[in-house]
């Protein structure tokens, strides 16, 4: 059972055509990912403190199926679509009153802090995978 | 009784210092104003369709009392502080778990669409003032 | 010869990891598209006034190849990758001091204002295609 | 001689009324401050590495004098209006083709990293004051 994140689209999310400025949909996807992290007992700060890791995006896409505007309730559903060794694929579906608004994906890598301030991809911590999978299934 | 608008501060609201990027607080203030409008039965679209009016900001300020970061629940309290003839002053208080985060004001004018696409300030529609005042007092 | 759009990445473009918040890359892509429109003698207002048309995005993707941070000069190169009948595909490459930062695509449709405030896809106006193609080749 | 920072207002800076979404003006103010820092040989990263300091905003205001929209060239002029012991006041003027668009202020404090991740205000480093003053006068 995927996680739902609800957003009330506000005036400031919209562009001069009166609809959501499309980069904002990626913000809503990122926020839905944070909701899943939270459900699994994590957030970006905890991941960094506990594992020395970040989960940056290396690839993303979205299809926009119908417009959304301010005062719309946008429900964003997030789930892990695939676990790789060093990366995982998130899948998102956004809807408004049951009407599909967008669908998208993110590929996120498990990146560990390396000397000199850089990050290197590394095998995903088993504890992270277990907790995120459980949260995704409605666990926790 | 002023209106409360609750925001979960997300990763994308924060800057490289790890705290809310300060222009975002004005976004939260604007969103709280929309919440008050909604409670009064309005939104920016309705104001324009029903009255031919917009309520743009001509003056605003904020004091930042303590930082907020992602995963914080930011409660923003909005109320009308003063009604003028053609303008009104909104007052905002933001807090996190009861700790004051910011306080701010906006002066908004009642601006009517004029020929040629411009807007001219005009006396506030009594119906708007009545409805907003009622919503502000916990009415509707 | 594709169009270049230069952006100085600023503090407010970055997230708490100190790098560009990834939805902002789509903002930079959109801004680069506006630069191409401008070179062709258009902008979103002119398209609407002259043709009754908008060019919304229906599909987009990006690959992030290396991070960018504040004070970086991000050059975004935009070109039309494909002309369809009712849609066209934009291609973007972003780099910093010659180092690839991202590459992305947008599929934009030619959408004409229809009665009731909605928009319907329609064949791209030949004049738009001609002008954009010329701008893309370094013309105008 | 104050520093000018030029911004081309883009589609994504505007709201559904077709004008700059007002929190973005604070983004433009912040960007103009970064331009002044740069001219003085600093940026937020250097301030933190060299002095262990940040310069967060504790108080800000803006008056909006005329609207701006996409494709406008917004010139933002930034100067230090006052030096205090632990804080300084920035003054901003924004204009479009010579027409005043906004004026604003920021009070920024000199905040030093303290144990436990917090920050405490402290006397401004003389070197910072000297360099910023020189940049402000057209020096460097």
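All chains are identified by letter, namely A, B, C and D, in their written order; residue positions are counted from 1 within each chain.
In the analysis below, a contact is a pair of C-beta atoms (placed from the backbone, for glycine too) under 8 Å apart; a residue touches a chain by one contact, two chains touch by 3 or more.
These numbers were taken from a predicted model, which means no experiment stands behind them.
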Checklist entry - If you tally the C-beta contacts, which comes out ahead, B-D or B-C? => result B-D
Checklist outcome for this item: Most remote chain w.r.t. Chain B, using mean C-alpha positions, is C
Item to check | Inter-centroid spacing, chain D versus chain B (mean Cα positions, whole Å) | outcome: 24
Checklist entry - How far is the middle of chain A from the middle of chain B, if each middle is the mean of its Cα atoms, in Å? => result 28
Next on the checklist: Suppose each chain is reduced to the average of its Cα coordinates; what separation in Å results between chain B and chain C?
Outcome noted: 32
Checklist entry - Got the chain D residues that touch at least 2 other chains? => result 11-12, 16-17, 23, 27, 30, 44, 70
Checklist entry - Among line, ring, star, complete and other, which best matches the way these chains touch? => result complete
Next on the checklist: Per the contact definition, I'd like the list of chain D residues that touch chain B in the complex.
Outcome noted: 16-17, 19, 22-24, 26-27, 30, 44, 54, 56-64, 67
Next on the checklist: Give the list of chain B residues in touch with chain C in this complex.
Outcome noted: 11-12, 14-18, 21, 23, 69-70
Checklist entry - Okay, in this complex, where on chain D does chain C touch? => result 10-12, 27, 30-31, 34, 38, 43-45, 70-71
